[in-house]
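What follows is a short report on a single structure.
The chains carry the letters A, B, C and D, assigned in the order they are written, with residues numbered from 1 in each.
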Amino acid sequence: MSVTPLAAALAIAAAWLAIAAIGVCAPHALRFVAKVLYPLGALAGLALAATALVAISQPPDETVLPLGLPDLPFHFRIDALSAFFLLILGSVTAGVSVFAAGYLRPGEGTLPGVQCLWYHLFLASMALVLLANDAYAFMVTWETMAVSSFFLVTSDHRIAEIRRAGYLYLLIAHVGAIAILMCFGVLHGFGDYTFASIRQVELTPFWATVAFLLALFGFGAKAGIVPLHVWLPEAHPAAPSPVSALMSAVMLKTAIYGMLRVTFDLLHTQIWWWGVLALAIGLLTALFGVVFSAVQSDMKRLLAWSSIENIGFIVVGFGLGVTFAAYKMYGLAALALTAMLYHCLNHAYFKSLLFLATGAVLHATKERGLGKLGGLIHRMPWVAWLALVGALAIAGMPPLNGFVSEWLLLQAFLFTPNLPDSYLNMLVPVAAAAIALAAALSAYVMVKFYGVVFLGQPREEKLAQAHDAGILERIGLVWLAAGCVAFGVLPVQVITLLDFVTGPMLGTNLSKATGATHWLFLAPISAERASYSPALVLVGLAVLTGLAWLAVRRFYHGRVRRAPPWDCGYPLLNARMQDTAEGFGQPVRQVFEPFFRMTRELPSAFDAAPRYRVTVEDHLWYWCYLPVARLVDRLTGFVTLLQRGRISVYLLYSFGTLLVLLFLVR
Amino acid sequence: MLSEFSWAGASAQLTEILLAVLLAPLLLGWVNQCRAWLQNKSGPGVLRPYLMLRKLMAKDAVVAHGASPLFRTAPYIVFGCMVLAVAIVPTLGTDLPYAPAADAIALVGILALARVFISLAAMDIGTAFGTLGARREMMIGFLAEPALLIVLFTASLISQSTSLATTVETLSHRELAIYPSLAFAGVAFTMVSLAENARIPVDNPATHLELTMIHEAMVLEYSGRHLALIEWAASLKLFVYSCVGIALFFPFGIAQGGDAAGLLLALPTLAFKLAIGGFLLAVIETLSAKMRIFRAPEFLGTAFMLAVLALLLHALLET
Amino acid sequence: MSQFLTPALTGQIINLLAAVLLLLSFAMLAQRRILSLIDLFAAQGFVLTLSTAFVAWATGQTHLWWSAGLTFALKVLLLPWILHRLIRRLNVKWDVETLINIPTTMLFGLLLVILAFNLAQPVSALAGTITKGTLGIALAIVLLSFLMMITRSKAVPQVIGFLAMENSLFFAATAATYGMPMVVELGIALDVLVGVIILGVFFFQIRERFDSLDIRHLEKLKEE
Amino acid sequence: MSWEILAVLGIPLAGGVLLALFGHRRAAAELNVALSLATFVAAAALTARVVRDGPLFAFGEQFFVDSLNVFLVALTAFVSMTTSMFSRPYMRIEQEHGKLTEARLRLYHSMYQLFIFTMLLVLLTNNLGLLWVALEAATLTTVLLVSLYRTPASLEAAWKYFILCGVGIAQALFGTILLFMASQKLLGTGVEALLWTHLLGVRSQLEPTILSIAFVFLLVGYGTKVGLVPLHNWLPDAHAEGPTPVSAVLSGLLLNVALYALVRCKVLADGALGTDFAGQLMMGFGLLSVVVGAFFLARQRDIKRMFAYSSVEHMGLVTFAFGMGGPIASFAGLLHMTVHSLTKSAIFFTVGHAAQTAGTQMMDDIRGLARVSPTIGWGLMLGTLAILGLPPFGVFASEFLILTSAMRQQPWATPLLLISLGVAFAAVFRKVQPMVFGDTTAKPLPHRPALIPVFVHLALALMLGLYIPPYLAAWYREAAKLIG
């Protein structure tokens, strides 16, 4: 029986909903939920990935469900763009759900059944957002995703910061959703609210710009671009690790999907300065994200800020794509969008891998602060080596997947000089330098993260009892690490998948623009121009390292002698002498001074207990968010003047209204 | 690319790699010798690095108690990276079958991989020196990499390709015109290579003074064959940087295509250019003193400015 | 219609009664003492009954006689008696405090009357009843009693203002439409009666809690 | 004469009298529930009959039932039944806390039934004069309930409620008189001139100048009962100070009934004036209510007062929808009325028990409800998310329709609406979240709270959000055509 991919995808979403319902019926049954429901969820994720793989190469397919409003029932549609993001959702969920099955512990936050409800509702709503084909279905699934992830973030709601983070998150998500609703309002012209009729609407440049800016604001609030990013470093660390992995890996990408759907599918025309604006915002987000992640001393906040950096990276690719599309250079636009989509896939894999690793460390040591970890590579080898793969991937090291998308993006930058606008020719290569700086800084951050957590001496005694990850957790981690390596080594196959996505969006795609490509060499434009073969680099590296090892063993010897490390004459060497997280972030604080709002507490000579403390905060919180809060408070003060308690004044209001209206009528 | 795999090309590639690996310590010895002469000392002799490598290989490797397997595999990986980098850079001829596997950006990536592994190994022992060195090395790294990329961008914009072999071919065919953008890029490149190879203005290669050393601080814990491989890799890195400098700014004399005669002629020209380069490096080192660590950002900032200027000049004047 | 009532004469009598009613409203607005305020209220009820009876007599509308009788019983006898008993039980015989002094209230009153007149002018021209001229006065009395409620700071005067407004609405009904249908009249009368009883209960509760009937105590429920 | 209408009106009236006699006994609460259940059954039968064979007259056209008021009758009967179920344990706990005596309980039960009677009378009567009398009677019955606790604050609230609504309703009487005057020329001086169905027939020949002034008086009159902003001052005090079942019924039902009366008058005014004058007035007041109501929410400290202001905001939104007119906007307004009463009454049920658990209505002192009793905590959290218009619930469905039709018809109003919805969300959620989450030392309630009504209401609201059954949709669409 031929089940259409769309029907299969909807069935899988329904399966997730069913698992959620079963979960809430047995709230206390930890073993049942962990060992049966979560693996089932993982299987459903795998099935979704398979369906997406099938659907990505097939023409779009639509259906209408009798749910929703009487005259606007739920429309669903699967095309290459949504199939690609479904692929990310399905494959990452498979790994994360398996990890979550091993990760669940009794007595942590809400009951396991309730958490299973919100977890699978979160997955189902994300899948349905990617399939939604009319404004009402999109908005319902979009905010259900926000609400279910809010309950996941506040699962351990006894702690005040987590409540505050949850509130901030849902507030900004709701404000973003309001902007998206207004964007659909502007987009729909005078037809009805299905995407099919929105596509037929021809908007004037002014209204198209209004729609684009609203979409950028609305989806940016969910993606975490700079002025709207304050919730991300609060919400992701507050959530349990599998949830923060899913939020970073997939939920941020649904916002990117939204931006792509509005800009390239619903709006036909793109204006060049949209791209430049997105490029500028993306750059600012990338730099902001990576600079702040370098100074964090909590490992989950560090990864959350690094998610902001990668989102900035993706928005830069998006901006470049829009600029090229505006100038009708569709071949180059395909290159930029391929780089951006490739980075969405890569980030989903290595960020979830790192978040799960921190989850394993958190369970082993009950410790999140970097100042209290260290030397875990000896106690937790599996987690350490898999986290190393993730760290190298996120730092953009050649054989792995982070480097491929960075390489593609830099190639796209190299073509900006043949843009007609002279300013762009000169300014955009400088933007390329900023991207290179961000990539280099992410390497800095990852060395800090990996070095302080896994290498060196354990900074606390209790770290000695840290135990390695369970078997289910290892399977989840290995699945994601294999993904990182596979996408790093086989880019050409991934790009053929991406060509199905960029094709319908831009009219042409990478392979059409550049002709046949050899399966081994990634040569987006032409062989002479630029080519890169990760497989050969990996083989070369392995062969050379192996040869060096064999040569030394063969010609010389392999004797090793253990001794205490060099203490430069100072006998009392202890673990506290290593670099702390703050110490490691000090050069970045020095070099990027204007980014931070630093307050230093310097001890004076007369302090009984001298204490040196530096708090690093975010300027934007004081420049953008507090003024808005004060404005609302002042307006509220102004409005409460209406209700001062005197009955005669109230009667006067009624009398006045009557007289005014009577005047009006005369 | 791979279809017209020719044995001649492959053999040329292998000879280039072996030559580079063997000659790299010689270049390092020559630079130290020149510096000694300039400081009126008799100097340790040009072959001193070879003797040191042989001595270290023979010793037992002393490894700290807290060291993890990462610490012991890092030297091999770093050495592998450097040899791979040499395989990409067109030292003698441009007909390299391995060249399409990695272009200029990949080269920067491989060098970054080596840097990351050395830093992680340094942090593995968990002493103050290791982490101090790692932190400073990574800082130099994230400041130098953008400048290096912009220099390579300028070259690739001129030659319309990021693959180093193609860049050398296009640059060497051009008539001997003075390119202001290449001039600026050259100065920026020398500043970046000084910083990356831990030469004087940024870091003193010979020092063991805790407060100033960057590269030395990271390799403090290594000994025996591991230290040998690390030193060898460092000399290879210097060799790679000089060859890239030569390929981009003085490409004349590098053999075009696969003709054996060209290869034979290219060897003496390369040796001559490296000798001059080494001497100039020694002159720079004797004339300048090591800067405070937090002056390095300004130093590399100027390098970055020069590289961006070169790019803008190219966009303004040459297109 | 009896033989010696010419249309002009009835119009003049109705206008006279309406004018007396307006005068009484102004008097209540200016009154300082509660007891005389209640007497004025009873007088207003009496004039109202007279005008309704006269209109019934002039137009022969039988149900108007019933409503005149109902008004007389309720607004001249029963309500004033209840109010007098309440005042005696609560012994609140002291005079009426106002929020703004009497002359300014009177000035406002005049303005309101002018406004009511030219507002009701187009509407009364379309009314089908002989008493359509008095609709302007009816609207004026409604606004005056509204003003009275606003400017009083004691509970009892405020309630009396409320009852005066009911009176004026009843008068407007007779002026504009010869009175509402009987079932509605009864309903309104029942509501007014129950309303007064409930207000009486409130007087006792407020006295008990605040041991004064000054509304200025009732200002704690507010927003800061 | 159909027995359903007789039953729907007779049962609560008889109940009121019955409970006046036996209200003080133990079984009074159960009797109250039984009576409300009987009323609901009768209302359901009436609804079925109207749905089956169209509009229905009774008592010689004195009572008229069409698709518009029958769904309100059904909604009123259903919510009053669930409120009576909720009030049984609530009132027993209040009695044990010593706040209420036997006599007051008797007053409460009889007034409760009479209140339902007056509301059903307003909905079913065809005579606009009688409609006014019934609405005035509704105010009278609830005034005593608001001051049930005899605290200074409840007395003040009751006094303001009585005076302000009394004055407001008086304006409406003047409007009705003018309406009667205008209709007398066409329908004669008998009682037919006040029957809404007749007026509907001749509404195009009514005198426009009289109708415009009449509508102004009616808008100010019934607008005070709906709580539109310049006239809303009594609403927060009355809804916050009375016992919680009264607040639930006031917020949930009485506002709908008053708005129903206003809509009946708007239909006449639209017909007579021809222009969109009435609609624009209602839109103006509605928008003002939404914006001002939203900004009121930020500085609240008493939870019932906050949700009272939320009622002001939601009623403003519905008035705005009806003001816009057009089939989709009216459909959205009716849907919003239904879902708002369901959700708001559910919230008041949980708020009642939350206040009892923590012993105070001050939000800063109520913490960790989810830990003390998960049903109250999660009920309040889901109810708040529903009332704030977060999707899967029905409030979002109607808000989506209102906003999208506003974007088409009144684009200038949409940013204002959206900003105030955002501010309302920020203000309410900031206060409710710490109440539900977090830790506390409070003890669970002596009696198990009857929270089935809460989750029944929320389930209905959720259903309306995701899937509106076709017959319900047809029913709303027909009612929307009536409003025009």
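Everything that follows uses one rule, which is that a contact is a pair of C-beta atoms (placed from the backbone, for glycine too) under 8 Å apart; a residue touches a chain by one contact, two chains touch by 3 or more.
Since we're looking at a predicted model, the values are computed, not measured.
The fewest steps needed to get from chain B to chain C, moving only between touching chains, is 2. Following the contact convention of this document, D is the list of chains adjacent to both chain A and chain C.
In terms of the distance between Cα centroids, chain A is separated most widely from C. Computed from the mean C-alpha positions, the centre of chain A lies at a distance of 36 Å from the centre of chain B.
Chain B and chain D, compared by their mean Cα positions, are separated by 79 Å. Centres computed as Cα averages put chain C at a distance of 31 Å from chain D. Between chain A and chain D the centroid-to-centroid distance comes to 44 Å (mean Cα coordinates, whole Å). Looking at chain B, no residue sits in touch with two or more other chains. Counting partner chains per residue, chain D shows two or more touched chains at residues 159-160, 163, 167, 213, 236, 296, 299.
Counting partner chains per residue, chain C has residues 119, 146, 149, 215, 218-221, 223-224 touching two or more of them. The full set of touching chain pairs reads A-B, A-C, A-D, C-D.
Interface of chain A with chain C (complex): residues 640, 643-648, 651-652, 655, 659, 662, 666. Taken together, the chain D residues at the contact with chain A in this complex read 159-160, 163-164, 167-168, 171, 212-213, 216-217, 219-220, 224, 229-231, 233-234, 236, 281, 292, 295-296, 298-299, 328, 370, 385, 390-392, 396-397, 400-401, 403-404, 407-408, 411, 414-415, 418, 421-423, 425-427, 429-430, 433-434, 437-439, 465-468, 470, 473, 477.
Residues 66-71, 135-136, 139-144, 146-147, 154, 157-158, 160, 163, 166-167, 170-171, 174-175, 178, 181-182, 184-186, 188, 190, 193, 632-633, 635-640, 642-643, 647, 650-651, 653-654, 656-658, 661-662, 664-665 of chain A are the ones that touch chain D when the two sit in their complex. Within the complex, the chain C residues that touch chain D are 119, 122-123, 126-128, 139, 142, 146, 149, 155, 158, 162, 165-166, 169, 172-173, 176-178, 180-181, 183-184, 187-188, 190-191, 194-195, 198-199, 201-202, 205-206, 209-210, 215, 217-221, 223-224. In the complex of the two chains, the chain A residues touching chain B come out as 374-375, 377-378, 384, 388, 392, 395-398, 403, 407, 410-411, 414, 417, 425-426, 429-430, 432-434, 436-437, 439-441, 443-444, 446-448, 450-452, 455-457, 518, 520-521, 523, 527-533, 536-537, 540-542, 544-545, 548-549, 552, 555-557, 559-568, 573, 575, 577-579, 583-584, 586-588, 590-591.
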